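Encoded as structure tokens, here's the structure I'll be asking about.
Naming follows writing order (A, B, C and D), and every chain is counted from residue 1.
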């Protein structure tokens, strides 16, 4: 079984109560982009992406409370955390946080985990308990987007000045 | 204890090896240039700041399309032109390069379809005044061929 | 800072290493809580040259953002340009001519050697040896001359274009590169004698700065740091891009986990890069260096794209979120040293100051890339 | 009596001049040497081959402002550079440059030199402590443990020489090595001891120790510029720094003088007394020998990376001290036998 299938199966535990998980994952056509975001919000679940056009294999959307569990699953499967970043979807009043995972071995599989939080009150659990290296990435996301990682040991500005109270990567930020 | 003397000898040998390497360098000629007295020739593709290309009469080739101005990532090119009475083509009246923000990326030269700008070979740019880096390229072109 | 700040013991004092310190090579600051000369805790303070490159991407068109990539990592600017070109090409579906791919590989590998040479010189300088720095810079100068003759620039090349290159290489470059390979092989033997085998250096590096596989995974360390911990991970092999699959080269891996292992990995990598360049020069096909159909305006279709390349310091990833416009909606730069430096705090506890700085040097930090 | 005093004063004055000129031009030599080892020419701009660089540097140092950091103990801060320079100067009094050029031949010359060399370590302690700077503090702690570690093998090795020569007088020690270079103490052949295989080893030990004593690379832990910025002299500017600098170079000269006298036959001609003017025993040979040793010092400095404090202590306590002790025992045994 390829690592991609193993990962889908392992992550499937998160969606056991949802229809999409019963089939393992919903598959997309090779050419397919994402579900048009403006019309209907994407459901939580796993999408297999075409690596050649997208650059990653699995696109997982989960809710905030599943985050720690999901990262635990990936940690146990031997994934390492590449980066944590935000995307400000200002039209939908939502902040997306993307977690990029990759592997050290030759079973190539890049996993992206997306979590969406309301823009006004972005709270996420920290995954520093699983990936120690998430510390700086979360601090950076906090700097740039104002996402608050609950339980983070040291959530102070990292790249911005110590007294920064602005979040420059928000779309409504004007310098 | 077995490693005691072998450590001592291999260590000393490695030190002597290193000293032999530097000693061999000692009598060699220096590879550096004493810069203000001698200097290198710049490569043909060297990317200095931009300059205008003139035709035989030393008039700029520029047709004031403004592509370079738009291509510039840091907005350091400002040009203006006007249509002379009776003339068809626009004539360049001013072309200033704000070299303080220029990152020498060359996007402007690439975007030019009229062979009007190129890179100069200027590398001796140093000054204590900011104004020295706001370069009037039109004036530069006029002075160049005199 | 993996644990909350504890109350300081009475015997400790805080030593500010940086923002201006000879061993931090740039404006990095490490607040070290010291117990005598032993490090009790080290908190890294970043952001002294933070320039918000990611926001700049949102305000510039795709071609306009290309020069920015060279400003991230001034030592291996070519690889960063490559990563950015890859992600945009992937997003827009631009095909790159084969000759351009080979030239990209040649220039990136040359740049990798030059980056490793700066690391080697600066690292030995950190350890107190001055002379290797000058030899390294002499060799690096040869590479810079070669690259300047092609790209017109010595440091921030901005040589790649979407789908191709800024311009083609000439015969002079090819003969120059071949001559350089011969010279560099000789010089590498010299470095092995002068630096690698030196007992003082070995005693300082062996057994210090231990990073094990688990720590690599928890922090996401990549590049020579991961390879020095026995992880066979190199984007060029694990996730082949460009024409790397057609070239025969090895990924040096060392199980030592210490500073010396990372040192050896980098030294070996230079030799492998020479091998790659040699093969690429042999295989270099004729043809154009830019695609025939090049889109006038770069507008990737909306969606997420990811591309990763192996820079001299590790895995550099770019996440591009496009909304179909001519500016990126969001561009995330995942820089390798950011993750590599993060494990410094955990790994350096209990070390002597001198060893910790030797360890920091073995991570090969480039501060502008960390701060972005 | 008063003539002796005058003699000493004159000698100190000459020593100051000698040390000053040496310090200045050793810096030039060091920079030139560094340049040649590093594929570059070194200072070239001031004067022919940069020969005017040292006086210009001196003028620069003297005209700069002497900054005293806030909150330091001023007396201690100011006395440290003097402490670095003074013992080095005094040591010159007893060094015989030739059989008649010696300021004041003291019968316990070896002891005098070591006594003042130990003071040099103290200047680092005082400077580091008085600077009120954490880097300087660490540096001074390092410097003290370094001095302690290297005084011991240095002294033990010297005792072997003293045993062979039967004298603590530097001049007398040289007098016994005048029969060509085979009679020098560095060789295992010796007319009294017979065959002491460890003599070259003790020469090496003395050499390593004097590198360590002078705080030079690879043992420059006191100033370790990539770790401790500049160590004990981080806070010193102007002539405060200048004195440390000169003290360091004076120490190098003393170290090489000591090596030359103890092991390389001092002012003796390597071919024995030939009686022809340029080749006979004279001060020229002495200077040639000390500058050769200084050349090796420079060579070593620009080749090796720095050790760490534990590496240095390991070298001293694990290798140098046992070997020098063994050497002492062997020499004593051989002396007893023959």
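Operating definition for what follows: a contact is a pair of C-beta atoms (placed from the backbone, for glycine too) under 8 Å apart; a residue touches a chain by one contact, two chains touch by 3 or more.
None of the values given here were measured: they were computed from a predicted structure.
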Can you tell me the least number of steps between subunit A and subunit B, where a step is a move to a chain it touches? 2
Larger contact count among B-D and C-D belongs to C-D
Taking each chain's centre as its mean C-alpha position, how far apart are subunit B and subunit D in Å? 50
So, what's the distance in Å between the C-alpha centres of subunit D and subunit C? 44
Roughly how far is subunit B from subunit C, going centre to centre by Cα mean, in whole Å? 25
Subunit A and subunit D: spacing of chain centres that average the CA atoms, whole Å: 64
Mind pulling the residue numbers of subunit D that touch at least two other chains? 37-40, 302-304
Subunit A residues counted as touching two or more neighbouring chains: none
Residue numbers in subunit B touching 2 or more other chains? 15, 18, 21-22, 25, 31
Touching pairs among all chains present in the structure: A-C, B-C, B-D, C-D
Taking the complex as given, what residues does subunit A use to touch subunit C? 33-34, 52-56, 59, 75, 78-83, 85, 87-88, 98, 100, 102-106, 108, 110, 112, 128, 131-133, 135-136, 144, 153-154, 157-161, 168-169
Given the complex with subunit C, which residues does subunit B contribute to the contact? 10-12, 14-15, 17-18, 20-22, 25, 31, 43, 45-47, 71-73, 103-107, 110, 119
Taking the touch rule as given, give the residues of subunit B at its contact with subunit D in the complex, in rising order. 4, 8, 15, 18-19, 21-23, 25-28, 30-32, 34
Per the touch rule, the subunit C residues reaching subunit A in their complex are 1-5, 46-47, 50, 52, 54-55, 87, 90, 93, 215-221, 226, 231-233, 237-239, 301-308, 315, 317, 319, 321, 329-330, 332, 334, 338-339, 342-343, 346, 371-372
Considering only the defined contacts, which subunit D positions touch subunit B in the complex? 35-41, 44, 299-300, 302-304, 318-319
